[in-house]
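Letters A, B and C mark the chains in the order given here, with residues in each chain numbered from 1 onward.
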Amino acid sequence: MARYGMVIDTARCVGCMDCVVACKTENGVPDGHCRDWITEEARGAWPTVRLELRSERCNHCDRPPCVTCCPTGASHVEEELGRIVLVAHDQCIGCKACLASCPYDARFIHPEGYADKCTFCAHRVAKGLEPACVAVCPARCMHFGDLDDPLGEVSRLLESRRNHALLPAAGTGPRIFFLT
Amino acid sequence: MTTLSRRRFLQISTGAAGLAAAGCFQGPQVPEWLGPAPAAADEIRTTPTYCDVCFWKCGALATTRNGRLWKIEGNPRDPLSRGRLCPRGTGGVGAHFDRTRLTAPLIRRQSRGAEEWAEVTWGEALDHIARGMQAIRQQYGPEAMALFSHGIGGNFLKHTFKAFGTPNLAAPSYAQCRGPRDVGFTLTFGDEVGTPERTDIRNARCLVLIGSHLGENMHNSQVQDFAEAVGNGASIIVVDPRFSVAAGKAHWYLPIKPGTDLALLLAWMHVLVEEGLYDKEYVAAHGFGFEAFAAELAPWTPEWAWPATGIEPETIRATAREMARHRPATLVHPGRHATWYGDDTQRSRAVALLNALLGSWGRKGGFYAPASVDVPAYPYPPYPTPARGKVDNPGHRYPFADGALTTGIRAATLTGEPYPVKGWMVYATNLLQALPAPEETIRAIRNLDLLVVVDVIPSEIAGWADVVLPESVYLERWDDLNTEGFREPFVSLRQPVVEPPGGQKPNWWIARELALRLGLGAWYPWKTVEEYLDHRLQAAGYSLAELREKGVITGPPQPLYFEEGVPAEFPTPSGKIEFWSPQLARAGFDPVPRFKAPEEPPAGAFRLLFGRSPVHTFSRTQTNPVLASVQDENEVWVNAAVARRQGWEQGAYVRLRNQDGVVSNRVKVRATERIRPDCVYMVHGFGHTAKGLPPAFRKGASDNLLVSRYAVDPLMGGTGMNVNFVTLEAEA
Amino acid sequence: METTELTVHRLNPLVDPGLHVWGWEIPVYLFLGGLVAGLMILSGYLLLTGRHRRPAGAFHRLPGLAIALLSLGMLALFLDLEHKLYVWRLYTTFQIASPMSWGAWILLLVYPALAASFLISRQSRRMERPGLVRRVGLLNLGLGLLLGIYTGVLLSALGARPLWNSALLGPLFLVSGLSSAAALVHLMARDREERDLFAKADNLFLGTELALVVLFVLGLLSATEAHVQAVRLLLGGPYTAVFWVFVVGLGIVVPLIVQPPAVRHRIRHTPVAPLLVLAGGLALRFVIVQAGQMSHWR
């Protein structure tokens, strides 16, 4: 079975937030909330600075603590769809354990009361399309695919470029990798 | 006719905006553009058009779900967007849903500035304008009417005004933006850089960005090309007082002292000439006056440039050699907004000369020759010849200006010289945020008999108008064809995707209705814009039906470079690249650019620099709910050590006070290692004061308000705006 | 040292700039849950040792009190939910890996156990069969232990908040619950012997609790940097004063000073010590829940 993830080239990323806007319109994300966001990390002192720009979102982890801690099973792994982590809105009670369990703070409570987050645009992926953020990126720095396919684009990128995931010590097995 | 008192207008707009605030900004709610959850039976329709959130005009595909606007994506057929829009284009749905939009024509009832409005019908508003324009024509002549416009939506209004008989049509994009650059390049190569810029970024092996903050400045095609170049391992050199996003990708980052770029350029050229690293064949074949030019460069060594710029000589030499290493595929990007210090034409000429030395003009990885589809203009009767010339540049005071100067028209309006200007129409440009020294604009407005503003939101300039006309946004209207020259020739169409939510009308209808009332029907033989478009397209061998379906039709690919057959022609007086410019010398200017150090900031003050956000366009998108939800205020970038010393915490709110005592609105401090200690930086377009824009009202600070001083370029009249100094003070 | 500027362009409510998903409702629930757990264990003990029959004994009031307190706790829990209409979804499934699911079902089972205990306390003749009394006692004891521990495991299973990431949190909350329960019963006891008994028990629980607090802190100090940063919230950070003064000082140490002499009849029993214990128990939950949300892996 497939295991979907993303590989994002931070060298090409310009931090323009097109991914944020596209997600907003594609998914109707409520005002004051976002499912994905840009993080700027600048190291060093003026003028010797290094800058990494990252488009971040839920990492759809291999060992998602948000799924483990959910008391109703609303937060679940979609085995048939590349193991994307989703929330069934009508099973969620809004206890917020999943928000507390996520080391990336990727979740939020939707104004209607259920826990919400990036869904890897499951509704698009199911139709063979890429997530909206990947499709819109003008820097063409975002790649989505099956991490278990050794010949697939994401695997080849991970093999050919230096890369890192976020907070590996938290131990959740994130599936979004940043090329540096 | 309902009399809309100011209180009620404010009540309505504030109430609506309050609802919007409650709905969209204070408490989180499901956005209204979501509509009901998607279902299998949803009717999905996609309509091609081209974007208007900025002037780039990317081809777009707008999708509705059950008749409601859902999302906008790039049109894969479009060479500008290549199927991907920038964040503003993607957020364009917000322009349709923006609750602050003007909905009906307004006429002021009291003295200007009292803001007492009456909502009127289109007929009443247009009659009022026509009467006003005719009165001006009678008393002062048609030349006393001026049109300020921005974007392709101004085309039909320009047509009406030309038919009316005035030569005074201007866009801020010349004197406040690209003017010096295009004149500098024209003086050197005989041709301008143009719109969209003919920069072959994607093929550059070495890319030099001087102040150009691609990635934050979101010219879609250029950013896409920039990412390509980075991905291809191009050598990136960034010269900027601020460590921009582009600087983050640079192999060399030169933290130059503001206002000294010309010294660096001269030193670079000195190195290339002295070390013989320039493209000798190219210069020999195409250059004029090279020996005199080389002689002029002799004193401008890297050691000379060092104290002025703060860049070490070894770095200047190393970067010059790096540029030479990759020539001719070395692109020294000329930027676009070039109006910085008042010597901008000469600085842009220096950029052109550097490119000439590297042989990049007309070569792959440098500057290509744009091509366009030839769609004939509509066959109108000839325009009347105005009795008097343009008012903006009397006596050719700025001898090399090849475009109309907005600030020149403003000056004439203020002084009445060389002749009075008594009426302005302003289309799609917020002059109070676009022209420097806004208090001059207000004083000029007070001299007018008639001020008409055509806009989509009640912007600051609309607040001063006698008549405000609400235009429909681009998603709701037709517009003129886009046939701008680019890497491949194309023609693209703008057509309505959804209905306007109120009584808003498109620019072509306004222009036509006004013309008919002015007795200019001869220039509007077509009744609907579809007739106009169809006629032009058929004359070019295309069909409107096909273009409606595809959105963009590309022509056969044309050669881009000299190597591919583009003739190596330079329409200068000598027919060659003018390294040494006789026409400049004759006019009393430096034939080869010379550097003059800029004024130092007063003690304790910082030079005010400004730039762009990828999520906003000028001051026109801050009430777009989608874009505002991503960024709703700007920040002032302050060097971290300076902030610590002065006691400004990250996120604290301060005010900026400039050398003339102008004080800004409160703005958040961004204390960062990413900027020089001697300057501060803000994104342009915030700090709105228009009461009809509650979501943006007093959010962030307006840089333009602080540009009370500007330096006029003596060659072409451009207004250098980086010449103001500010101190920070407590918000109080 | 190299400075890092991290700018995160995200401002989600309850999450940014710091996690704040749980306010007063969860600490109150955890406290009441722990208190009820303690009451159930103490009731179980009384049932198993036959002391439930003492005429002036506290046992007669415990089950009713426990039911009332537990219901208050569950109300607090319900108020915390953001999707309240779907609360019934807790009971259409059992998620074995989710401590909260365990808790939902434990809470459900606790009511019948308390009801049985309540019937016994009403001295219903039907309930006076020794076998039944024993089973009800064991049931209360067992469920009380589960309830007490689960309140801590609930937090310790959320690894993303390093402050909670200690296996000692479950036992700590259990012992704290026991000590709060003992203090409450001590307050309610009319029988002098019972008062001494529960004060003595409380001293034992308080001593254990103190040891567990120390081990909890030491455990975090010897773990990863994220854990060390987390426990620093209590060792110099914003929660230092409230933790050591209110939770440990007033909530454990002072009672441990005052109560033993009272037990040995050197001084009179006063409500001071048990009230401090109860307040300390509530404060413990508040501090751990709030400080825990502040701790993170970045």
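Remarks
As a convention for this text, a residue touches a chain if its C-beta (ideal position, glycine included) is under 8 Å from a C-beta of that chain, and two chains touch if they have at least 3 such contacts.
Nothing here was measured: the structure is a model prediction, and the numbers come from that model.
Once CA atoms are averaged chain by chain and compared with the all-protein CA average, the nearest chain turns out to be A.
Ranking all chains by how far their C-alpha centres lie from the centre of subunit B, first place goes to C.
More contacting C-beta pairs link the chains of A-C than the other of the two pairs A-C and B-C.
Per-chain Cα centroids separate subunit A from subunit C by 37 Å. Here the spacing of subunit B and subunit C, counted between their Cα centres, is 64 Å.
In subunit C, the residues that touch at least two other chains are 3, 5, 9, 13. With touch defined as above, residues shared between interfaces to two or more other chains in subunit B number as follows: 28, 630, 640, 672-674.
Counting partner chains per residue, subunit A shows two or more touched chains at residues 17, 20, 32-34, 42, 44-45, 112. Those residues of subunit C that touch subunit A in the shared complex are 2-16, 19, 21-22, 80-87, 89-90, 92-93, 95, 97-101, 103-104, 154, 157-161, 224, 226, 293, 296-298. For subunit A in complex with subunit C, the residues that touch the partner chain are 17, 20, 32-34, 37-45, 56, 65, 68-74, 90-97, 99-103, 105, 107-109, 112-114, 167, 169-171. On the subunit B side of its complex with subunit A, the touching residues are 23-25, 27-31, 33-35, 38, 70-74, 84-87, 90-91, 93, 214-216, 218, 220, 223-224, 226-228, 230-231, 243, 245-249, 253, 255, 614-615, 625-627, 629-631, 639-641, 672-677. The touching residues of subunit C, when paired with subunit B in their complex, are 3, 5, 9, 13. In the complex of the two chains, the subunit A residues touching subunit B come out as 9, 11-12, 14-18, 20-22, 24-26, 28-34, 42, 44-47, 49-53, 111-112, 123, 132, 135-141.
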